[in-house]
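Paired with chain B in one complex and with chain C in the other, chain A is shared by the two complexes that follow.
Moving on, here comes the complex of A and B:
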């Protein structure tokens, strides 16, 4: 569904990604693992065309080249990013945040049924619908961020470190939600530092180090791979 | 009549009644109130809705003033065409200034817009054949339907009408899809972009619209003054605009109007203090930011909240 081939990116003279190729099959969960500064967020930024990096290579969505399209056009094609650190509209309520997710769709029509669908997915948010986003806990904010992405009717979501800063119990819950939206038929590209959890729910995974893909394969295989365990699962 | 409409009606009635009993100088001051309030509206759009800073609005003001003066004197076109031309020329430059705003924010954007204003001022000064340079440019009195308006009394009502028109446009802009998108970008650019709001388009629209308003104001100002010189459009003017907008209130049309009154009346009230005036302005600005961040208009909100109504001055 999403094909990245020979993608290189740099910020001025600083190279962030070198010759990265990655593919996400329809309805799968693919995890991209790597430590801080490995280039994970740059990769997502290149896909959504929302960062000022210079890039070469190709990015296709269902066979169509999207690397030159503006962000809003990419979202309109069903690829939606849940950014690192949730990035909610802090002053708005939960429901207003969710409604903002439907911005790109035809105005004022089907957002109501979409909202019901998101509430069905995240029942916890129903009682919080009028709460100001900034006053919620990290885990709840992450739910809203994912819910907001779901409002755009994505076919594929890109999740940038959804477990960031969350307590272990909440991490588990967020990952369960990710599996759930995947079961609804949404393809997922998951960027994570929490390798153990990310591998547990993924079909395939890639490891990125210093801007290069150093390892890839089925999640089970990577789970067994000595390097990955050592590098990312050490103490987790 | 709903309370909001009633308030607007009363404000307009008071504004219409103000000039009576005043002399020529009073008319002139009231005319400047309207002209400044239009700049206030333009900053309401750019800063209040768009979250973009500009300390270059004197540049747009100058472009509007000179464009109108040149269109009316050199091309012989009617006054209102000149005013429109002033808005359009400034608006086009506004779209141009938006381009650096797509790359830089905050202090850097402030410096970029400051650079723009200095460039405009210098360009108008040097381009003598067109702008009169050092000597400046004479601008004819405003005229409507073939009759020249000799008194500022009549001109004040023209300005009031144009202000109300612009305020209505700004109000509808705030409620439009574009205005809402702009406010979403102000709250969080990343979040808004993730929702599919194209930032470049909206930043350009914000700058162009804001510059258009300021250009119209500058054009109207040129015809009020009767003579243009580049000194009027200095950095001090840009800074006055900014402080006027903050003191009046950045987030509403009412705040823009109060800002206009502030900028036009403060020098009159504080005339006695001579050189100490600048100090007083500075202190007023600091006090306002510290204790009344919503501007003078938020005093109205305090009263409204006592009455259990929704605030106006907060975004």
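Moving on, here comes the complex of A and C:
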């Protein structure tokens, strides 16, 4: 579904990604593992064309080249990013935040039924619908961020470190939600430092180090791979 | 005496408020402080003046036409001068607006001359009785027009798709972009809207003094003082701040010193920035990392 080949990216003279190739098949969960500064967020920024990096290489969605498209056109094709650190609209309510998620869609009233769908997915948000986003806990904010992405009716969701800064219990809950979204037919590209959890729910995974893909394969295989355990599972 | 001074102060303040709204609007949407906003309002007012002189259209029609005229000036300026600087640091855009200030200032002198011209007023200066106080019809008219503009702006930001997108973009530009908001269009809308509003303020102030290429300088100064008083990131704060400035200015001129009434705007800017830089009405929201 999403095909990245020979992608390189740099900020000015600083190289962030070198010759990265990665593919995400329809309806799968693919995890991208790597430590801080490995280039994970840059990769997602390149795919959504939302960062000021210079890039070369090809990014296709369902066979169509999207690397030169503006962000809004990419979203309209069903690819949505949940950015690192939630990035909610701090002074808007939960419901207004969710509604913004449907901004790129039609201008009609369809967002109301989408809203009900998102509330069904996140029942906890129903009673919080009028709460100002900034006053919520990290876990709740992450739910709003994912719910907001779901409002855009994505076919593929890119999640950037959804477990960052959350207590272990909440991390488990967030990962359960990701699996649920996937069961509903949404493809997921999951970027994580929390390798153990990310591998547990993924079909396949990639490891990125210093801007290069150094390891890839089925999640089970990577789970057994000695290097991965040593490099990433230790810190989780 | 005091009620009259307060009402005419509110009228002055609401003129400042329109220009302050323009400043805050562009700043919230694009992080640029547009120092040229007053001059753009002045140029728009001169265009309206020429239109009035050439066509003899009723003044109220000219006031309505000020909106598209201002919008066009804002949109063209954004496209020509701000768009190329989009990916440069914000300081570049800020300095560009100082350049724009000079271009519009001297361009207007070059086109329309340096002599003040009389600009007719929509409202008569005759007093009317309100709750026992005699206030000028003029003042009420100015407050009324400003109130109308603010009301339209409120509806735009609360209920329209473009307005909500602008609010979202001002809170979190990257997130708005990731929702499919076109950031370039947000900037264009902000400049168009802000300049339209500022030309209305120009049309309201022109009959009070005379129209010349210097007309908006003092207004811009007061608008800055009011906007800073309101915290510079709140539209409501800017309006309230400017109304306060207008009333204090009037009372100050009447009871203390008329010749220092412009200096006092500077004093307010400095005092607020020293004592309460977040403005009088803004809660300080802790930035989440």
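By definition in this document, the second predicted complex is superposed on the first by the 234 of 236 C-alpha atoms of A that agree within 3 Å, B and C clash if a C-alpha of one lies under 4 Å from a C-alpha of the other, contacts with A are read in each partner's own complex, and residues count from 1 in each chain.
Here, contacts are C-beta pairs under 8 Å (C-beta built on N, C-alpha and C of every residue); 3 or more make two chains touch, one makes a residue touch a chain.
Please read these numbers as outputs of a predicted model, since none were measured by experiment.
With chain A as the common reference, the superposed partners chain B and chain C clash. Of the two partner chains placed by superposition, only chain C is touched by A:134; chain B is not. Look at A:116: by the touch rule set out above, it reaches neither chain B nor chain C.
Shared-chain residue A:180: touches no atom of chain B or chain C. Legend: residue contacts after superposition of the two complexes on their common chain; A:70 is shown touching both chain B and chain C. Once the two complexes are overlaid on the shared chain, A:19 sits clear of chain B and of chain C alike.
In the superposition on chain A, A:224 contacts neither chain B nor chain C. In the superposition on chain A, A:87 makes contact with both chain B and chain C.
With the contact threshold set out at the top, residues 50, 52, 70-72, 75-76, 80-81, 83, 87-92, 100-101, 103-104, 107, 148, 152 of chain A are in contact with chain B in one structure and with chain C in the other. On the side of chain A, the complex with chain B involves touching residues 50, 52, 70-72, 75-76, 80-83, 87-92, 97, 100-101, 103-104, 107, 148-149, 152. Within the complex formed with chain A, the chain C residues making contact are 87, 161, 164-165, 167-168, 171-172, 174-182, 285, 288. Contacts from chain B toward chain A in the complex involve residues 103, 177, 181, 184, 187-188, 190-198, 200, 315. Touching chain C in their complex are the following residues of chain A: 48, 50, 52, 70-72, 75-76, 80-81, 83, 87-92, 96, 99-101, 103-105, 107, 134, 148, 152.
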